[in-house]
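Letters A, B and C mark the chains in the order given here, with residues in each chain numbered from 1 onward.
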Amino acid sequence: MIGRRAADLLQRELPGAVLRSADAYGEQTVWISRERLVEACTLLRDHEEGRYTVPQFVTAVDWPDREPEEPRFDVVYQLRSLHYNDWCRLIVQVTEDDPTVPTLERVFAGMDWLEREMWDLLGVKAEGHHDLQRLLMPVDWDGHPLRKDYVSFGEPVAFTHNIEWALPEAERPPILPGESR
Amino acid sequence: MTTAGPIGPPPKVDPLSDQYEHGRDVLGVETGLDSVDLVELDENTMELNMGPQHPSTHGVLRLVLNLDGEIVRECRPDIGYLHTGFEKDFERHTYQQCIPYTDRMDYLSPLFNNLGFSLAAEKLLDIEVPPRGQYLRVILCELTRIASHLLWYGTSALDLGATSPFLYAWRDREKLLDINELVSGVRMHTSFIRVGGLLADVPDDFNELIIEVLATFPRLIDEHELLITKNPIWRERTIGLGTLTPEDAMSYGATGPVLRGSGIPYDLRKAQPYSSYDHFDFDVPIGAHGDVYDRYLVRMQEMRESLRIIEQAFNNLPDGPVNTSDRRVALPSRNELNTSMESLIYHFKLVTEGFRPPRGQVYSAVESPRGELGFYMVSDGSNRPYRCKVRAPSFSNLSALPHMVRHELIADVVAVIGSIDIILGDVDR
Amino acid sequence: MAVSDEGAIALPRVGAGERTAVQAGVITTTIEKVIQWGRYSSLWPALFGLACCAIEMMAATNPRYDQSRFGAEVFRASPRQADMMIVAGRVSQKMAPVLRQIYDQMPEPKWVISMGACASSGGMFNNYAIVQGVDKIVPVDIYIPGCPPRPEGLLDAIVKLQKKIAGERPGSLLG
């Protein structure tokens, strides 16, 4: 079971940090409380039985319909241990009103850019980050594209079924394709 | 009257009216680059912009360099000039429709993206690809790895002033693109690896081309090495440069030849084998010092190891189907379609709506030529991925660049960027 | 019927020791044609490879496809030394002002080839991040379809551009 080592380590050393743990598809996922996140990751990185030294990614999954029963964002961290050939997944849940997590950039150097990307595309802030700026979008962009309420739109493609929406009156062809027969 | 068009419901403001904010009015904005603030270290430093349009940055990468004479004091990469919004596009297409999108991310090794996505979807669905499909996937992926390394070799030698390797490497790469074209009809972006197997079985001439590749490429790779490996100019320009210690490499999240060049023998094909890589016998080359020269040697040797894998896979290629027979994913066969109405309806629904994996989240990683390419896929039970995050190897490798070029000469920045082997489509997604 | 010589016009024949004008090394043409011939025979592209189409653009300089036999060999890194811009690849919102700036820095006469589906119309990416066609930013002379177009497609576009230039008038030179 992938991630079992990390889950057991956290249960043993920091039992207060683990909110719950579940496994599916051969992978174990651990839900961590936000306040103990830095402690948990430092433990996983430094402990002899863990040695999860490689940050794989940080991202957030947006479930806007879960509010108000459950927090909106699932911030997912994955760390890899080369020594024990294992990786683990940690999830921190944050709400829409307070989408912040503590920064991990002092624990792993690679978290710098990963957290900036998460802020840019999803709007989840990493508190304590030395320079949280947009990374992939232009600096003055409005909005966070990967959120579910952000409408991703390029330009309307005109078909016959949406021609009133796609083209203004002046540009519509006099005979629509398919109508001439 | 507004309808839900093929790309989703229309926005609340009519996009053709004046009030619609496109986010960035490209015609009205003054032509200039986004400013990136850099700390002025002292009065003697100069800020230099190595702009997005540059012959040696391997794509649209912008570096803001703080220079003291010729020595780089600080380097700040500014990325995002190729951001395409792949992850948003994944959320509004069905699984099989996402496969052509994955091709365009890491556009030099497109089959690895297809493979990573397919493996994640297959993990969610819990289906197994038959052995012939797995072996063919291995053969095609290793051919893509050789093609990608050849291209890297040609362009990074060109950056440092050697023009012949470029032409030699690309001439040989054409032979591999011929195989792609034979198998799928397209040179790049074949979208050949689909969820459940492959697009189709390979034709008969495939064997001849593979035998020719296996016969000629070892000598050709030796020829490429002969051009520059012992060349004193190359050695002067690359040895001892851009050193990355193993601890730093791990802390930045670097994987692939960047990690292996620093001495850590971690290769996903050996450590967590997928798609029957554990049936093959090959070695994992590692470097000793973690400099540009070691990464170069690692990649040249990886090409030879890929040839070994292709030979073993080709000689033991099993017979049988290439696609899974699981009815949730596999299209009904032609015979069935001719006789059964339900099969026809099912075929139609499977093609237009796609299959529905159960709820859950999986992560599946492959060893691409750049490192660990992973797909974190969250499914909510519908026919589209709810969230598909791509773990891009070039993104993490590039974040180690400022560390690697500190206190190097500005001409060496080019050599270091070449040695990381970044693809901006992968970095920016 | 037999062909007779009646009504035939006697053409001047080249006598012994005489040469035609062409053999003497003299050709007659117009200044316009010469200028345009010079322009289209050495179209130097400005490096503007963005994404996957850039790889096929580089493949067109291979020994197999060999773009330099059409004159478009040297990719100039500086736009000030180039007269053609091949926009190869998808143009994102962040890259669009840079594209315009590079185009403005090129001296006249200049032409633009929009290579690939993404440069011509946004391609398969109808979303927030990609400009839906570079003709929203720069004027385009030739569009090449394909994702990515084969190197032969790019060569065909260069040849078509050469024919187009041959038909143009070199207005900016002659005032």
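We adopt the following convention: a residue touches a chain if its C-beta (ideal position, glycine included) is under 8 Å from a C-beta of that chain, and two chains touch if they have at least 3 such contacts.
Keep in mind it's a predicted model, so treat the numbers as computed, not measured.
Enquirer: Chain contact topology under the given definition, line, ring, star, complete or other?
Expert: Complete.
Enquirer: Check B-C against A-C and say which one is joined by more contacting C-beta pairs.
Expert: B-C is joined by more C-beta pairs in contact.
Enquirer: Measuring centre to centre with CA averages, how many angstrom lie between subunit A and subunit B?
Expert: That pair's centroid distance is 21 Å.
Enquirer: Please work out the Cα centroid separation of subunit B and subunit C, and write it as a whole number of Å.
Expert: Result: the chain centres lie 32 Å from each other.
Enquirer: Which integer distance in Å separates the CA centroid of subunit A from that of subunit C?
Expert: Here subunit A and subunit C have centroids separated by 46 Å.
Enquirer: Residues of subunit C that touch two or more other chains: which are they?
Expert: 93-94, 125-130
Enquirer: What positions in subunit A touch 2 or more of the other chains?
Expert: Where subunit A meets two or more other chains at a single residue, that happens at 137-138, 141, 145, 150, 152-155, 157.
Enquirer: Where does subunit B touch two or more other chains at once, residue-wise?
Expert: Correct list: 7, 23-24, 34, 80, 83, 85, 88-89, 428.
Enquirer: Enumerate the contact residues on subunit C facing subunit A in the complex.
Expert: Listed in rising order, the residues of subunit C that touch subunit A are 93-94, 122, 125-130, 132.
Enquirer: Quick check: in the complex, which residue numbers of subunit B touch subunit A?
Expert: 1-3, 5-11, 15-16, 21, 23-24, 34-35, 79-80, 83, 85, 87-89, 92, 123-124, 126, 247-248, 250-255, 264, 266, 271-272, 360-363, 372, 374, 376, 378, 386-387, 389, 391, 395-396, 399-400, 403, 428-429
Enquirer: What does subunit C use to touch subunit B in their complex?
Expert: Spelled out, the residues of subunit C in touch with subunit B are 47-52, 54-56, 58-59, 62-64, 75, 77, 79, 89-90, 92-98, 100-102, 104, 124-131, 136-137, 147-148, 150.
Enquirer: Going by the contact rule at the top, pick out the subunit A residues touching subunit B in the complex.
Expert: 24-25, 27, 29, 53-57, 59, 61-62, 76, 78, 80, 82, 85, 87, 89, 108-110, 112-114, 117, 121, 134-143, 145-146, 150-157, 159, 161-162, 164-166, 168
Enquirer: List the residues on subunit B that touch subunit C in their complex, please.
Expert: Within the complex, subunit B touches subunit C at residues 7, 23-24, 26-27, 29-34, 51-55, 59-60, 80-85, 88-89, 100-101, 104, 107-108, 151, 155, 167, 170-171, 174, 177, 187-189, 424-425, 428.
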